[in-house]
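Reviewing the structure listed below.
Letters A, B, C, D and E mark the chains in the order given here, with residues in each chain numbered from 1 onward.
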Amino acid sequence: MEIGLNHYLVLSTILFSIGLIGVMRRKNLLMLFFATEILLNSVNISFAAISHYNGDLTGQMFAFFVIAIAASEVAVGLGLLILWHKRHNNIDLDSMSTMRG
Amino acid sequence: MLEPVNISLESLNLMTLAPMLVPIVGALLILIIDFFKSEQDRSLYVMLSLLILGIDFIFLIESAEIFTENGTIMGVFDVMLIDGLAILSQFIIVGASMLFIPLALSQKRFHEFSYPEFFALFLFMIGGFQFMVATDNLILIFVGLETASLALYTLIAMHNRDKSFEAAVKYFTMGALAAGFFSFGSMVFYALTGSIEINQIAQVLQANNYENIEFVLIGVVFMLASFGFKLSIVPFHTWAPDVYEGSSAAMAGYMSIVPKIAAFVVAMRLFEFLIQSGIIWLEVILYALVVITMTMANIWALVQTDVKRMLAYSSISHAGFVMAAILIGTTQANSALFLYWILFSFTNLGSFSMLWISRQKNLPAGQSSDHSYNKFAGMVKTAPIAASIMALFMLSLAGLPPFALFWGKMYMISSAVTADFIVLALIMALNSAIAAYYYLKLIVYMFMKEPMKGSDGNVSVTNATLSLKTIIGFAAVGTIFAFLILNTLLEFITAFVYGSGY
Amino acid sequence: MLDNILSILIFFPALAAILGFVVDKNSIRTYGVAVATIEFALSLLLWFFFDNSASGMQFMEHIALVPVFGINYIVGVDGISLFIIILAAFFTMIGIASLTDTKNVKNMIITLLFLQMTMVGVFASLDAIVFYVFWELSLVPMLYIIGAWGGPLRIYASVKFFLYTFAGSLVMLVGILVMAYLYYQTTGQWSFAILDWHRLVLPENYQLWLFVAFFFGFAIKVPMFPFHTWLPYAHGQAPTIGSVILAAILLKMGTYAFVRFSLPMFPDASVYFMFPIAILAIIMIIYTAMVAYAQKDIKQLVAYSSVSHMGVIILGTFALNIEGISGSIFLMIAHGVVSGALFFLVGVIYDRRNTKLMSEFGGLAHVMPRFATIFGIMIMASVGMPLTINFVGEFLSLLGFYQQSHILTIIAGIAIIVGAIYMLSAYKKMFFGKVTKEENKNLPDVNKRELIALVPLVIITIWLGIYPKPVLGPISNSVESLVSLMHEKAVTKEAKARIPNPSTLIIRTTAQEAY
Amino acid sequence: MEMFLYIALFAPLVGSMFAALFSAKPKTLIAGIIPSALLFVSFIASSILLVYVLQTGSSIHVEMMTWMATGELYIPFGFVVDQVSVTMMMVVTLVSTVVHVYAIGYMSHDKSFNRFFAWLSAFVFSMMILVMSDNFAGLFIGWEGVGLCSWGLIGFWYHKESATWAANEAFIMNRIADLGMLIGIFLIYWNTGTLQYDEAFAAMPALETDVLTWMGIFLFIGAMGKSAQFPLHTWLADAMEGPTPVSALIHAATMVTAGVYLIVRASPLYDLIPNVGLFIASLGAFVALFAASMALVNRDMKRIIAYSTLSQLGYMFAAAGLGAYWVALFHLMAHAFFKALLFLGAGNVMHAMKDELDPFKMGGLKKVMKGTFIMMTVASVALAGIFPLAGFFSKDLILEVAFIDNHYIIYSVLLFTAALTAFYSFRLVALIFHGEERYKLFGIDPHEAYKFMLVAMSPLLLLAVIAGVFKMTYFEMVTQVLPATEYHIDSPIVYWIITIGTQLLVGAAIFYAYKKYTSRDIKVPDGTSAMEKSFGYKLLSNQYYIPYIYEEFVAKPYGKISAFFWSEIDQKIIDASVDGIAKAFYNTGENTREMHSGNLSTMLKWMVAGTVGMLSLAVVFGLAARHSDGVASILSAIGVK
Amino acid sequence: MFEAIAFYLFSFLTISMFYITVTTSQALYALTALAAGMIFISAFFFILGADFLGAVQIMVYSGAVMALYAFGMMFFDTTREVKEKQGNRFVIVGLSLVAAVLIVVIFAAPIVTDNITALYPITEGVGNTQDIGMVLFTKYLVPFEVAAVMLLVAMISGIILAGKKMDLSLTLMDEDEIKEMKKEEENKKVLL
């Protein structure tokens, strides 16, 4: 059984969807951030796979930058999280709705 | 073994990097100054930033001249793309930033402006946006975008109060999701074309005659979602009012202009060729998005009780309006986009600055938000000039001639008409009427109501300083006399947009 | 000086308004009167140097504004616009002179001067965009006047006024842009100059759509049934000066625009829509007259009567012949004078009693005979008594439309009956009978300041009613060329037939001596 | 001669404006004398013009200035003095001079004395314009002008509700007719291209009969209003609320005859359309009978005279309709004299009786008011048409016309009406001047009017007696412009039978009236007698219930419909839908703002939902791409390229 | 064959790990599962011959990111079970399923693409890292540098946000309070 590009794309999509589910259902901010990591990672698989099947390095480059971006986001995200936690002693996003309408 | 690569320095066109490098170097400079001599007054950083942006502006003028002579230039392994769009949008980005930065010198001290990091991050952000617009490489767009966004999240949070944290977290989280969408979208395009440069993508897709239209569309969907977030297109707009409310008024005004023009340029690069190639689905979807964004945002703005939130929704609506340019896709429409945005910058920054000068540290009793309508009641009696200027901005935003935004609106609607989007043109026009209601509401409060009891009359200008007033005066003059420079502006923009092939 | 007189007329009040910020509160009225008088004198100068025999535009000025996009500052007057400009200057002058509101009088006068700029601008501009600029800009001062000095519902009324007209104008803006695009398609260059557009012959289906687009903007301004409901509120709530200017000048923008834009640009569409519009106009005439009869508030009554008369103007305009169009333009001026005066008169009594309910009055003829006389004259003018200014306009309008449709004119003619009904019954309620209310027994008669405003209006009403020629002549000349333009431009057979060809008419200057 | 023309025309205007100067001031005698004097000047000028016209047989035509000129339309202020208009001028100036002088006495106690003369002279001026104009538009000016003055004079005592009501009624009713007139004018303009009498009439024979018929009908509608013909007649009786000199001048002698004048003026038109003429004649005959019947039972002195005026107008229309224009005009003139006299006499009585109008409350006044008694009796005799007074020559001529033209129905109606006329006239005279002195019951102390008032009335008395003498002179003069049909019954026997028969009939009616109403049994009716309860009496005394019908089925519904239009349609439908649009937007905003719950999770869900939505559309499009043709057509319909 | 087995195995593993991450109510489980998932993903990179990427993945995620999260979790109270109020599950599941199904359905069809030319072809016989280095420092030099700036921004942001500078809010303090605070700081410095 040959594993083709489509297999990887489907896998990537499934993972992406799991990420989406996480994004939508998580109320704990930390775990919500985990879900966004999943999103970015799932795409990386596709990039690597396309890169492999096309024999082109660009995909790997993209994945590389995505990893860098993900890492930076973690830094900022955690910073915000800590800030929020310091003030409110929770990281529940339901507590975060003072602005509305 | 790999062959060594020989590259001549000339072929790199390193000059293309100059405008972007200026703010980055400037940011580093500020960091270094802070490192050696901390506890400096904010005015130092404000002026320093202004100077750096000034230099940036000069570089931009330089590259504009080069563009008029040589046309589009690729640089540094063809990653940099300095075309008319890049230059125009950078003008807007840098110009708006220059208008914004003096707002830091407010009467009262606010957290963010007291720290040099703010200015460093601010300059980094500008650098990020400049990179984002000056390339057609999705990687660089992505990285530039994230650089800017991360800095922006921090800038918002640095206002340092609960609402701003909340705003930053919301913006950040949704931004992360949008980043996921962006990378997914890029992946689809990459899978289809083996390239992540928009020109290449366009060429390959055209060569293939859009065989895999479903795949293209999926890519487009994710890109739209991602840029929809940045441009606050309904239903990806939900962050906008909260973030605007949470951040300082000055910052909110800034956010309504600069990130969006950057996103518009990328959206233009990305979607224009698709529109041109006649993908009806994209037209329909953009049509729907444009109409929904304009109309719904207007409708939501109607029911707001806080001026800043109202302006937030109004900004969303304006973004939707301008989004129509991408749908229409003619040279006139794209020129209209830039024209509109330049005029919008003046007016919107002006109106947010008016909010900024009325900012109090502690909310008086009976007010639940910083800039509730009530606060402005009877302003014409206590501060007639301020009230008149505010009214001027509101009328301009409503699209009343001969103030700045009218010309943008007119040109945009004209471009819709010219491209046979008559119904769209009508919708765009009538939306101005809906919008007029909430702008008028503020005017009504200011001019036709009695001041609230117990207000000392000084509320509306409590945060004013000379530098703030200068900026507002500048914006006001720009708003009133826009028609005088319109011809020059239009010629300039059209030449640049046309020269870049859009 | 004469080369730029129109620009001076337009921008002098605005400049004066800006300088007015400096003038002390106590002297501002004198300042305002002085400025308005100068402006009026200038407008008379314009008339003096106006070539009565020429039919084309005069005093043209041309300054490039956005040449890339064909927007130019072009102004000029012909017989159609000349008198409305004079009227605007005149009403601003007597309005300021008779201003009785003491609250924030400085803001009021500055606003009025700005308003004057926009009014003159609308009637003088010959570039669609410049026209549109003034057209829209005129909303702002009026919004402020109604909203800041109005009655209890002033905010609702002012916002309604603004939004309604604004919405209509935006549709018109789209129309303007389409028109410019069509011009661009045909000639290859952008132009918003109305005179250029007049030369553009359009296919009928384009004309229809464009006509509709422009119609929305104009009809709401006029206001035509069923877009009229903002008007009673605006009038009912506005201060006297606001109502006066609104009725006398601002409403005329709509009807003027019909003559300036719709007719010459879309002759076939005008013919096509003639009957629907005439029917709307007739509904306006009769229906609003009946509604006026049901009013309890004298100001609302005058407001509705205003709508009713605007119906006659519309009817005259869409008669599409020289008699009708000249009549409608003359009626614009007449209606401006008469309804302006009526609003002044209502203001006089409102100042004294702070109520506008007719039931609060009665027998005023006993206590205020001079007031009753002037009111009576104006009411008679309003119902179209011959030898008053209104009659000339109404007669010509109806006469003109009679050529197009007998039945509709007969129905429209009911105007003279229903008009008499509501006006006379209102007059009876207010002035006749015994003085029943104690408060009314000692009301002072009109004072000097009020007479300053009213007497000139009475004089004009009668003078132009007896001798309309100085006004009607130039109007007639310009309308003649307008009609011949329409006739030439018309593409459909029906339009050619409906629009008379003036060159075949026998224009007489004296009665034949065959007697 | 032009100078006299202008003097005749503008002297009343000057008088009016002079009196108007004093209008706000208390009574000034001079404000009455000067206008009267000026009217006399006008009368003299008119007389000179009459003499000129009589002598030369030519007419004077002047064009003062342009009024309206646009397109093909050219309307000057042009005046013409020809045989017809000079007759009218004479009548108008004479009667009005008399009335003015009379009014100086009659109104002497009124605080609005000055205003009265301003209005009255203004009326004369309008009337002069009406009769002298050389075109239909000028006629219309006068037409509306007299309407206006009539409004001002009926409602002269504006503190009286009934007076102002009557004034408005008169104005509005006239307006209804004026619309017809206006349409007639439009028709004339668009068909003949001019409004000048001479040119228009010259062009008319070339027109189609249909058009001419419509012209005739519409012009006659105009005449119907001014001359209070059925069904627009109700205002005339109500107009008696005005001061009596007004009734004499406006509502008897001059204004109400303007309709007849119009028909006479437009004789070239009506000659072309005999069917319309017949209709006019029939309507006239009907109105003559109709009005006379109402006069039979009325208990208001002035109303009785008003109905008699109406009845006589019916005669004039009958004559004019039958083409006997000069006869109509002649009767108009004679009628003006004796009817004005009658009214002025009634005014004297009213003064004497402290404004009491019910003749049943008078009786036996001949003792205290000898002069008035004589004048009213003579006027009544003239009205009844007894030889040799004016009425005989004019009215009997009309009967003859009807007879000669073989319109026997009209003839018999008119004849019967003549009897009725005699009856009610002398019923009135008998009740007022003869019988018991019933007024004593009401504690009134009557007295004769001022001497000069009686003197002022005397020219009318004279003319009422001798007007018939001028018949042939008049005929010769006027037939230079009007159709000169002489009406002679061929067989002298028939002629004498008719003439004497008529006289006998009338005499019998007079006798019967005297007999019935001079008896001592006459009481003030209290609504209990059998006659008063009878249907016929009620019908007549309620004026055939026509005012009631107008009130119930026109005026009230009009008010209700107006109120309905305002409160239901204007406010609840039109305005509510405008506000509804605004509210719909606002409510949409209120209802959907929950989308911004401020909850991050919701926001994220919206983002995902938006994306998924677009994805679904993408798939749909994938399907649609296969059926692209159909889709494209739908899309192009909404404006997508 | 080996590739297929490896693909399915790791697919199963990553999917289940990520599934645990998004569904578990224990933050610690989630973190662990995420880390595991990341490492399994790197396996795909190795399978696909992207050795450098695999290494970076492990280093950055398992090293840096996870360490950061771990620190963060120490900061928060992670021992207790995370209670999450769920709104309408139907919406969540529905949306995700629709999204997944739509994309999967489309992707299940093979992508037919011509005209794809590898712009930066993988050079045979050269190590992946070397290959990448070559491209990274020529073509992607600018993005690389911008990424460096981005990391710098992230670093500064992290420091600012989590550091002491945000402890006192000048935004919320009155001007007088700020002045007092500044004075105190001055005094402290003098004392030091």
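We take it that a residue touches a chain if its C-beta (ideal position, glycine included) is under 8 Å from a C-beta of that chain, and two chains touch if they have at least 3 such contacts.
Since the model is a prediction, treat every value here as computed from it, not as a measurement.
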**OP:** Tell me which chains count as touching both chain A and chain C.
**Re:** B, D
**OP:** Would you identify the groups of chains that remain joined by contact if chain D were left out?
**Re:** one piece
Original post:
When the mean CA coordinate of each chain is compared with the mean CA coordinate of the whole protein, which chain is closest?
Top reply: C
Original post:
Taking mean CA positions as centres, which chain lies farthest from chain B?
Top reply: D
Subject >> Pair of chains with maximal C-beta contact number >> reply: A-E
Subject >> Chain whose Cα centroid lies at the greatest distance from that of chain E >> reply: D
**OP:** Could you grab the centroid distance between chain A and chain B? Build each centroid from C-alpha atoms only and quote it in angstrom.
**Re:** 26
**OP:** Compute the distance, rounded to whole Å, between the mean C-alpha positions of chain A and chain E.
**Re:** 6
Original post:
Approximately how many whole Å separate the CA-defined centres of chain B and chain C?
Top reply: 44
Subject >> Gap in Å, rounded to a whole number, between the CA centres of chain D and chain B >> reply: 76
Subject >> Where chain B touches two or more other chains, by residue >> reply: 139, 143, 146, 150, 153-154, 157, 169-170, 173, 177, 191, 194-195, 214, 218, 241-242, 303, 422, 437
Subject >> Sequence positions of chain D contacting 2 or more other chains >> reply: 582, 593, 596, 598, 600-602, 604-605, 608-609, 611, 615, 618-619
**OP:** Give me the residues of chain A that touch two or more other chains.
**Re:** 5, 9, 16, 19-20, 23-27, 33, 54, 56, 58, 61, 65, 68-69, 72-73, 76, 79-81, 83, 93-94, 96-101
Subject >> Pairwise chain contacts under the document criterion >> reply: A-B, A-D, A-E, B-C, B-D, B-E, C-D, D-E
**OP:** Enumerate the contact residues on chain E facing chain A in the complex.
**Re:** 1, 3-4, 7, 11, 14-15, 18-19, 21-22, 27, 30-31, 34, 37-38, 41, 44-45, 48-50, 52-53, 56-57, 60-61, 64-65, 68-69, 71-73, 75-76, 82, 84-86, 89, 91-93, 95-97, 99-100, 103-104, 107-111, 116, 118-122, 128, 131-132, 135-136, 139-140, 143, 147, 150-151, 153-155, 157-162, 166-167
Subject >> List of chain B residues in touch with chain E within their complex >> reply: 1-2, 5, 7, 17, 24, 31, 76-80, 108-112, 114-115, 117, 120-121, 124-125, 127-128, 131, 135, 137, 139-140, 143-144, 146-147, 150-151, 153-154, 157-161, 164, 191-195, 200, 204, 207-208, 211-212, 214-215, 218, 248, 361-362
**OP:** Within their complex, state which residues of chain B touch chain D.
**Re:** 169-170, 173-174, 177-178, 181, 213-214, 217-218, 220-222, 224-225, 228-229, 234-236, 238-239, 241-242, 278, 280-281, 283-285, 287, 296, 299-303, 419-424, 434, 437
Original post:
Which part of chain E faces chain B closely enough to touch in the complex?
Top reply: 103, 106, 111-119, 123, 126, 130-131, 134, 138-143, 146-147, 149-150, 152-154, 156-157, 160-161, 165-166, 169-175, 178
Subject >> Complex interface listing, chain C residues touching chain D >> reply: 160, 163-164, 226, 228-230, 287, 290-291, 293-295, 321-323, 326-327, 363, 365-366, 369-370, 373, 380, 383, 385-387, 391-392, 395-396, 398-399, 402-403, 406, 409-410, 413-414, 416-417, 420-421, 424-425, 428, 431-434, 466-469, 472-473, 475-476, 479-480, 502, 505-512, 514-515
